[in-house]
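Common to both upcoming complexes is chain A, partnered first by chain B, then by chain C.
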Partner chain A sequence: MAKEKVVILGGGGGGAILANLLPQDRFEVTVVDKSEYHVFLPGFLWVAFKGQPKEKFRRPIKSLLKPGVNFVHDEVVGVDLNERTVHLKGGGKLGYDYVVFATGAPLDFDAVPGHRELVERFGDFYSTLENAEKLHRTLASMREGRFVIAIADPIYKCPPGPHKGTFLSYELFKRLGVADKVKVVLAVPYPHVYSSKTIADVIEPELEARGIETHTFFTVDSIDLEKHKIYSLEGEELDFTVAAVVAPHTGPQYKVEPGNVKDDSGYIKIDKYTSQVVGFDDAYAIGDCTNAPTSKSGVTAHLQAEVVAKRLQGFDARYSGRTNCPLITDGKGLFVISDYDHPPIPVRLSGLKRFLEELFVATYWSAIKYPELWDPIFEAYFEASAPEVFLRYGGW
Partner chain B sequence: MPEKLEEVLTGERLAALERTLDLLVKLDEMGVLETVGDVLEPDTLRYLFKYLMHPGLLKVADRLDVILDALGRVDYEAVNKNIDLVNKALKSVPEEAEPVGLGGLLGALRDPDVQRGLGFLVAFLKALGKSLAEEKEPGKA
Partner chain C sequence: MGEVIKVDAKGMACPGPISALTRAYRKAKNGDIIEIEATDPGFKPDVQAWVKRTGNELLELTEEGGVIRARIKVTAKRA
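After this line comes the complex of A and B, so read on.
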């Protein structure tokens, strides 16, 4: 029997795992990525706030893929779902039996006036390893003033990311001996310090205990680098010495035919359980590029990759919407655990969860390369810690 | 990438390699290598982790600091002395105990077993009350 051709667009968190999960005796797998490197995005935090070397968080995509998986280093410029064709910037075309969108959510630095200049000046911890490195240099040279972390759109990768940045920057300033002179400020678009009140109630006292200034209902609208001010849609303003603003995210920038498979924000419309692109049984989308109503997270991308790998092999598998986003302070951590049917469950900050987060980071490359080793572990973990299970135990 | 074996095998690495090889021979002679190879199957791992990752265990592991703190302060001699007593009493409680009103209570008080149990409870209550008072105002009780 001829092998079925699977073309995976993007070799990031979702794409690389899916490629390694597909049995090669049945499928001919090709990964297309415009970058030669796979970047571990949570590593931005470790570079920006802990000064770790950026090389630790990037590996050649080819080195992560199983032998036998084809890698095409080119940019996708168009996908025609009716013609079953992927168009590449280099002029090439790829035909397929199945296509999987996994190109992530690029950031839009032109949506907020003044944002591009801000990032060029200070760096940030959401876009690139180079910008994370720049932010580290900026923060390490701060002796006084206000470091502001703010958000331009409530839909962004890893909802606790800005909060992690807040706690880790405080820790950095403490290590540098300037925590009493540099004020850390966190401004969020929601009514509480975190979008879920359950989680907000846990972290609010921690923020307070560190003297971190917080602002709610603050959605960044524009930035004035000369006046050192951020203005919000809600009509407020914040002074900063240094600021890092999470940029609005977008769906795939390349053309997809038919155009109506993208939603108003440009994300690929999928069935939230099966990851199938609406209207096409030979197209799937996973990870940050979809409109699934759950957090944009590596865990989502990973679990959706497993669902698609199973479905392509003819098994029934569904993604529950499960999230497990970590939120860490200097010594403790928690996971925001939710799914399509349950808002975040009550959790406490603990040393175990802080350790688990460090373990997840340390074993990331191994998890991408050897899913057959890690899947039984993850499967058992996600089953034991499912929201409906933990709710019977009063949370975690 | 180094081309020649001599470039890869620096003195330090050679020494480490020799020790590793000796260890491997030992593990092989004892059958450990073969056994580990046999056990490392996806299904064995799946069942192992399914068993280990019990929500109760995750919860206990998360609170290990709190639990160890409490366990460290338990008076094990006192527990050891009374544990059989408590076990026996718990085991002999009927599945469904009869409801007891005031009249029934007076009747039950004539039973010498109930009298002994009550004596124990009263002594326990007295000690509990004493330590409650001490917690409120240290040194007073």
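After this line comes the complex of A and C, so read on.
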């Protein structure tokens, strides 16, 4: 029997894990990415706030794929689902039996006036390792003033990311001996300091205890770098000395035929359980590029990759919507655990969870390349920590 | 006359509805009316707090058969 051709668009967490999970005696797998490198996005925090070297969080995609998986270093410019063809910038075309969208959610720095200039000046911790490095240099040279972290759209990847940045920057300023002179400020678009009130209730006292200033219902509308002000859609303004703003995200920028598989924001419309692109049984989408009503996070991409790998092999796997977003403070951590049927469950901060998060980071590259080794462990963890288990037997 | 912007946030869990309202508000102009429907019970206090904070006008807030419906006149957007 001829092997079935699977073309995976994107060599990030979701794409690479899926490529490595598909049995090669049955599938001919090709990964396409415009970058030669896979970047571990949470690493931005470690670079920006801990000054760790950026090389630690970047690996050639080719080195993360199993031997036998093809890698095409080219940019996708179009996907025609009716013709089963992927068009590449270099002029090439790829035919497929199955296509999987895993190209993530690019950031739009033109949506908020003044944003490009802000990032140019200070760097940030959401876009690139270089910008994270720049932000570290900026913060390390701060002696006084206000460091503001704000968000330009309520839907962004890694929901606890800005909060982690807040706690870690406080830790950095403390280490530099300027915590009493630099005020850390966190502004969020939500009614509470975290999108889920349950989690907001856990971290609010922690923010307060550190003297961190918080603002709710603050969605960045524009930035004036000269006046050092951020204006919100809700009509308020914040002064800053240095600021990092999370940019609005977009769906894939390349053309997809038919156009109606993208939603109003440009995300690929999928069945939230099977990851199948609506209207097509030979197309899937995983991770940040989809419209699934769950957090845009690496865990989502990973679990959806497993579901798609199983479905391509004929099993009826479904994604529960499970999230496991780590939220770390200086010294402690928690995981925001939810699924399609349960909003985030009450959890508490602990040192063990902070350690677990460090463990996840340390094992990341191995988990990408050898999912068959790590998935049984993750599976046991996800089963033991499922929202319904916690709600019945108590959380941790 | 402004436009009427309809937002269906039914079935979305918190903070989905308020996020959908924020996104609609970004596109709205003064004089527009945002009509939003949600089923999340948290939406009622949230939308009241939002209106108070932003200074827009809440024309109507009803709850019927589990559906919370808010009509908001956009008046407070910065020119």
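The definition used in the following text is that the second predicted complex is superposed on the first by the 396 of 396 C-alpha atoms of A that agree within 3 Å, B and C clash if a C-alpha of one lies under 4 Å from a C-alpha of the other, contacts with A are read in each partner's own complex, and residues count from 1 in each chain.
We take it that a contact is a pair of C-beta atoms (placed from the backbone, for glycine too) under 8 Å apart; a residue touches a chain by one contact, two chains touch by 3 or more.
This structure is a prediction, so every number in the text was calculated from the model and none was measured.
S.K.: Kindly say whether there is room for both chain B and chain C on chain A in the superposition, answering fit or clash.
M.R.: Fit: chain B and chain C sit side by side once superposed on chain A.
S.K.: Determine, under the contact definition given at the top, whether A:348 touches first (chain B), second (chain C), both, or neither.
M.R.: First partner only.
S.K.: Between chain B and chain C, whom does A:235 touch in the aligned arrangement: first, second, both, or neither?
M.R.: A:235: touches chain C, not chain B.
S.K.: Applying the document's definition of touch, where does A:155 land relative to chain B and chain C: first, second, both, or neither?
M.R.: Second partner only.
S.K.: For A:221, is the partner it touches chain B (first), chain C (second), both, or none of the two (neither)?
M.R.: second
S.K.: Of the two partner chains, chain B (first) and chain C (second), which one does A:191 touch, if any: first, second, both, or neither?
M.R.: Second partner only.
S.K.: What is the contact status of A:359 with respect to chain B (first) and chain C (second): first, second, both, or neither?
M.R.: neither
S.K.: Chain B to chain C: minimum CA distance in the overlay, Å?
M.R.: 26
S.K.: Could you pull out which chain C residues touch chain A in their complex?
M.R.: 12-16, 18-19, 22-23, 25-26, 42, 45-46, 49-50, 53-55, 76-78
S.K.: Okay, in this complex, where on chain B does chain A touch?
M.R.: Checking each residue of chain B against chain A gives 42, 45-46, 48-50, 52-59, 61-65.
S.K.: Considering the complex alone, what residue numbers of chain A touch chain C?
M.R.: 153-155, 189-191, 195-197, 217, 219, 221, 231, 233-235, 293, 343
S.K.: What residues of chain A sit close enough to touch chain B in their complex?
M.R.: Touching chain B: residues 348, 350-353, 372-373, 375-377, 379-381, 383-385, 389-390, 392-393, 396 of chain A.
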